[in-house]
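Each chain gets a letter, A, B, C, D and E, in the order it is written, and its residues are counted from 1.
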Amino acid sequence: MIALLARDLRLSIRAGGGFGLALAFFLIVVTLTPFAVGPNTATLSLIAPGILWLGALLACLLSLDRIFALDWEDGALDLVATSPLPLEGAAAIKAAAHWLTTGLPLTLAAPALGVLLNLPPQGFVWLALSLALGTPALSVIGTFGAALTVGVKRGGLLMSLIVLPLYVPTLIFGAEVARRGAEAQATATPLAALAAISLACVALLPFAAAAALRVNLR
Amino acid sequence: MSIWEYANPTKFMRVTGVALPWLWALTAVCLTVGLTWGFFFTPDDFRQGSTVKIIYLHVPSALMGINAWLMMLATSLIWLIRRHHVSALAAKAAAPVGATFTLIALATGALWGQPMWGTWWEWDPRLTSFLVLFLFYLGYMALWAAIEDPDTAADLTSVLCLVGSVFAVLSRYALVFWNQGLHQGASLSLDAEENVADVFWYPLLVCIAGFVLLFVALVFLRTRTEIRARRIKALETRARISAA
Amino acid sequence: MSDPDAAQPPFDIVPEPLCIAGLAVARGGVPVLAGLEAEVAPGEALILRGPNGSGKTTLLRTLAGLQPPADGIVAPGADAMAYASHADGIKATLTVQENLRFWARIHGHAEIAPALAAFDLAALADRPAAALSAGQKRRLGLARMVLTRRPVWLFDEPTVSLDRDAVARFATAVTAHLRRGGLAVIATHIDLGLPHARTLDVTPFRATALPGKAAHAADAFGDDDGSAYL
Amino acid sequence: MIALLARDLRLSIRAGGGFGLALAFFLIVVTLTPFAVGPNTATLSLIAPGILWLGALLACLLSLDRIFALDWEDGALDLVATSPLPLEGAAAIKAAAHWLTTGLPLTLAAPALGVLLNLPPQGFVWLALSLALGTPALSVIGTFGAALTVGVKRGGLLMSLIVLPLYVPTLIFGAEVARRGAEAQATATPLAALAAISLACVALLPFAAAAALRVNLR
Amino acid sequence: MSDPDAAQPPFDIVPEPLCIAGLAVARGGVPVLAGLEAEVAPGEALILRGPNGSGKTTLLRTLAGLQPPADGIVAPGADAMAYASHADGIKATLTVQENLRFWARIHGHAEIAPALAAFDLAALADRPAAALSAGQKRRLGLARMVLTRRPVWLFDEPTVSLDRDAVARFATAVTAHLRRGGLAVIATHIDLGLPHARTLDVTPFRATALPGKAAHAADAFGDDDGSAYL
């Protein structure tokens, strides 16, 4: 298991991949928003928590196809499936590697980008907290989506289509925490819901992902 | 002897090897003099108080952020037309330096914006075009990093640099149209009436000279490193070939 | 590779005979082979022959447990099998050594020296896989089999893009594996010169060559009583 | 040339690809926005033109890696390069195919999605017009980005990073046209600028893309 | 394919002899072959031999005009060459017929019957390429060469995954091409049994086998005065 995690992390660093690029995409989405919406500061600070969450979600989404597609194409997934490693474990590890290379850097960078969108000062902590709790769910759900579409060539868009509705609850609660935080309102309820969703996803979805992989490998 | 001889790696190494210590010394002198003078021996501005002193970091790094890109544009063109390896490597070496200067300009600007405009960031065209420039640097460096073969990478990044320059200019016009900003006009232009007062102006000039020298020194240093890395690769290849 | 025999590590699983009984395989819902029978004892190799499109790849994938048989049985289970297909699972940005070490760790150990030795990869160990030629890459893919420590080796056209020396080296590695009680099933169009090898031509088992029900076993909608659907 | 266009269109329809999926992604981004930003109607209609443009741009971006990557992987690009077809022509055709399968459907769908975001009635025409003029530029710029990164495995995110700053002028003028249209202000200047950018891109960038392809095929 | 000769269409370009003079090729900036000389007359085939990693693929890509030579010259130009590599450019979702028709139209005509006939693909014409076996796919890739109507055919290990019949069919197609004045350069590890074939072993031209500067021509940073870099 550790071998797989180590290899995935190493690959994502070698290919000039994962790490920097999801972050860069996030940066760019946030930067483009004012160009699209207009430079009015009041408008921007109103939509800042939402756009930051949406940007993080899209950056996550874009890097999902790295999770299985390469291993599928070069046959490594076949070989992992016939190896002693249980496929559930492999799916969980893949999700963890994805989170380490995208969710974690996104969480760390989000407050800095909040400055660009005039996020109110009290919102920074809540934004970071909501992302820290929510991005693991995004990674695991994404792993499941990637497992479903792994047999489809260039399944990227198809996967987005499948994954995005699954992201809705996480997005709603996550953005709500960030928005209430920015407006200095109570955040306990959405925060609890977010944590519950994340936990449940991490505990259960690797099994679903493994099942999907088994079908696709057949 | 034509100027292109310096594009030979060996010549370049020899000349810059001699020049670098002097460059470093000159850089240190200019920066020390300029910054000390600026920080400790100029009066506070009557409106901005002592925050005005950020100008000695902000303006030079902003200028170098742009100039570094212009230099990359020139060296990219030289590579595409004359295919001198040193030229491509110099462009590669300049990118992180330029990006750092751009980042310093952004950071000092943000620090300055807080007391002046009451906000860290404002979507002013000048500021925004700097942000876009920073993004161009990121893309350029990512492309260098992603491609294995050095000559392929040099070609592709050069093309990107050319196309990117055109789009950077376009963005600048688009941004001015999009939002007329808060930022200072270019008060360094020689013919302008309302140039900053001479007391600020002379130390600023020294600082700018210091930053230019620092840039040249850093680019030389990094180009030398890149050349050595290529040299090592060539030697490894040779060793492998004769071992095989 | 003076004595590859001694160098190779023990198996994780005790070798058993491979039994294939009444096996039918399908691909994309289309029956390909049916009624296949074969038995391979430890120490023996089975060479699969058959023209293009006859179903050798489909059969090997079924043996490897990557797809369920449409009918019939295969013993032992998939965890005794190591499968080398056209796609080698090689990561271009990792070096030869890193690639092999990864597979070794997946199979629970860290000893890659025998694999490097068996396919003469020691000189290339620090080369990134992207910088290998077609044949060198193939050797790397084959070397992985040594790491699995499994008794049944399944190969799908292993000698593709190998030169004569490399083919001989492959035959030596398989022979050593057999001598230690391993088994091998090899689909190939060329002659490998293995000593204890039996040949199985799959042509007679092609689903198209069989009359009646057997050919349709794979499809629940294919039964003969068409009137039921009217 | 026509053979290439016909084949690309056929492939994108067969693969369940281009057509439906870019559109679906656009739909989903637009749908997720209220979840992220909150359901306040006034806010939504304020940011509607911008979000619609941003969504279209991202949908476009996500489908860029289809332009060359598949042909690169299976060797077809090598074969096209050695065929009598000039590579500049091939690049232009690829951009056209991309526009037909993403830019065009996005343009047609955007007004319908405007309803979801409470776009003011007078904004619909301008939104469609700005997208019709702007999306060709997005496709051609994207083709250039795809040509630069075709040799990089899973270059998707890298390409986004390179392409997004190039999209800035188009986005600014396009969103400005849509925004001014929605607020019933004069749109002539940004419209002219948008048209000029599009024309220049379509005329010049295929050459840059072909140059990049040649380097990558080497 | 009773008379493949008659069926094949005329060339777009008049066949000229292929001249390779002082050719050096490099891959990833590393010199691979140098000082290569060869001449092939119309009607002749050149078989490239050499162990794995000796540079056959690199040489063929250079001939095809996909990469510039590091040194030396090749005549005629790339538009006389048709290149068949490991990757066939086959689209899995298109049928066999659609795949071939596309390449035909790219080369300015619409006649795919000779190509279907030469590689016995008529029966598979309406099958999507995804549903072909490895060897069938290979035949489809080779059939494309007939459509190019170019005089010089370059093959990189064309017989990979072909069965014996298909190899014979390939030899027949190449022979027919040669008889009409075409040329062929074929990198292969097996024996094809072509009549007018000369063999060129690339081993003596390996850059490693050559002394001195020639081997380093490809790299501006490899010159001998190392002290300059200190």
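Just so we're on the same page, a contact is a pair of C-beta atoms (placed from the backbone, for glycine too) under 8 Å apart; a residue touches a chain by one contact, two chains touch by 3 or more.
Predicted model only: the values in this text are computed from it and were never measured.
A.B. asks: Show which chains lie in contact with chain A and also with chain D.
C.D. replies: Touching chain A as well as chain D, we find B.
A.B. asks: In terms of C-beta pairs in contact, which two chains are most connected?
C.D. replies: More C-beta pairs are in contact between A-D than between any other chains.
A.B. asks: Could you work out which chain's C-alpha centre is the most distant one from the centre of chain A?
C.D. replies: Between chain A and every other chain, the largest centroid distance is to E.
A.B. asks: Please name the chain that ends up farthest from chain C once chain centres are defined by their CA atoms averaged.
C.D. replies: Here the answer is chain B, farthest from chain C.
A.B. asks: Using mean CA coordinates as chain centres, what's the chain A-chain B distance in Å?
C.D. replies: Once rounded, the distance between the two centres reads 34 Å.
A.B. asks: So what's the Cα centroid distance for chain C and chain E, whole Å?
C.D. replies: 30
A.B. asks: Give, as an integer number of Å, the spacing between the C-alpha centres of chain E and chain B.
C.D. replies: 48
A.B. asks: At which residue positions does chain D touch at least two other chains?
C.D. replies: Counting only residues that touch two or more other chains, chain D contributes 15, 152-153, 158, 161, 164-165, 168, 172, 218.
A.B. asks: So which bits of chain B are touching at least two other chains?
C.D. replies: 132, 135, 138, 142, 146, 148, 178, 244
A.B. asks: In chain C, which residues are in touch with two or more of the other chains?
C.D. replies: 86
A.B. asks: Would you mind writing out the residues of chain A in touch with chain B in their complex?
C.D. replies: By the definition above, chain A touches chain B via 15-16, 20-21, 24, 27-28, 31, 34-35, 38-39, 41, 44, 115-116, 118.
A.B. asks: Going by the contact rule set out above, which residues of chain B touch chain D in the complex?
C.D. replies: 132, 135-136, 138-139, 142-143, 146-147, 152, 155-156, 159-160, 162-164, 167-168, 170-171, 173-175, 177-178
A.B. asks: Hey, which residues of chain C end up touching chain A in the complex?
C.D. replies: Touch list, chain C to chain A: 64-68, 78-79, 81-83, 85-91, 93-94, 98, 102-103, 105-108, 144, 148.
A.B. asks: Okay, in this complex, where on chain E does chain C touch?
C.D. replies: 28, 30, 50-54, 57, 86, 131-136, 138-139, 157, 160-166, 189-190
A.B. asks: Please name which positions on chain D make contact with chain A in the complex.
C.D. replies: Where chain D meets chain A, its residues are 15-17, 21-22, 24-25, 28-29, 32-33, 35-38, 43, 46-47, 49-51, 53-54, 57-58, 62-63, 65-66, 69-70, 152-154, 156-158, 160-161, 164-165, 167-168, 171-172, 175, 179.
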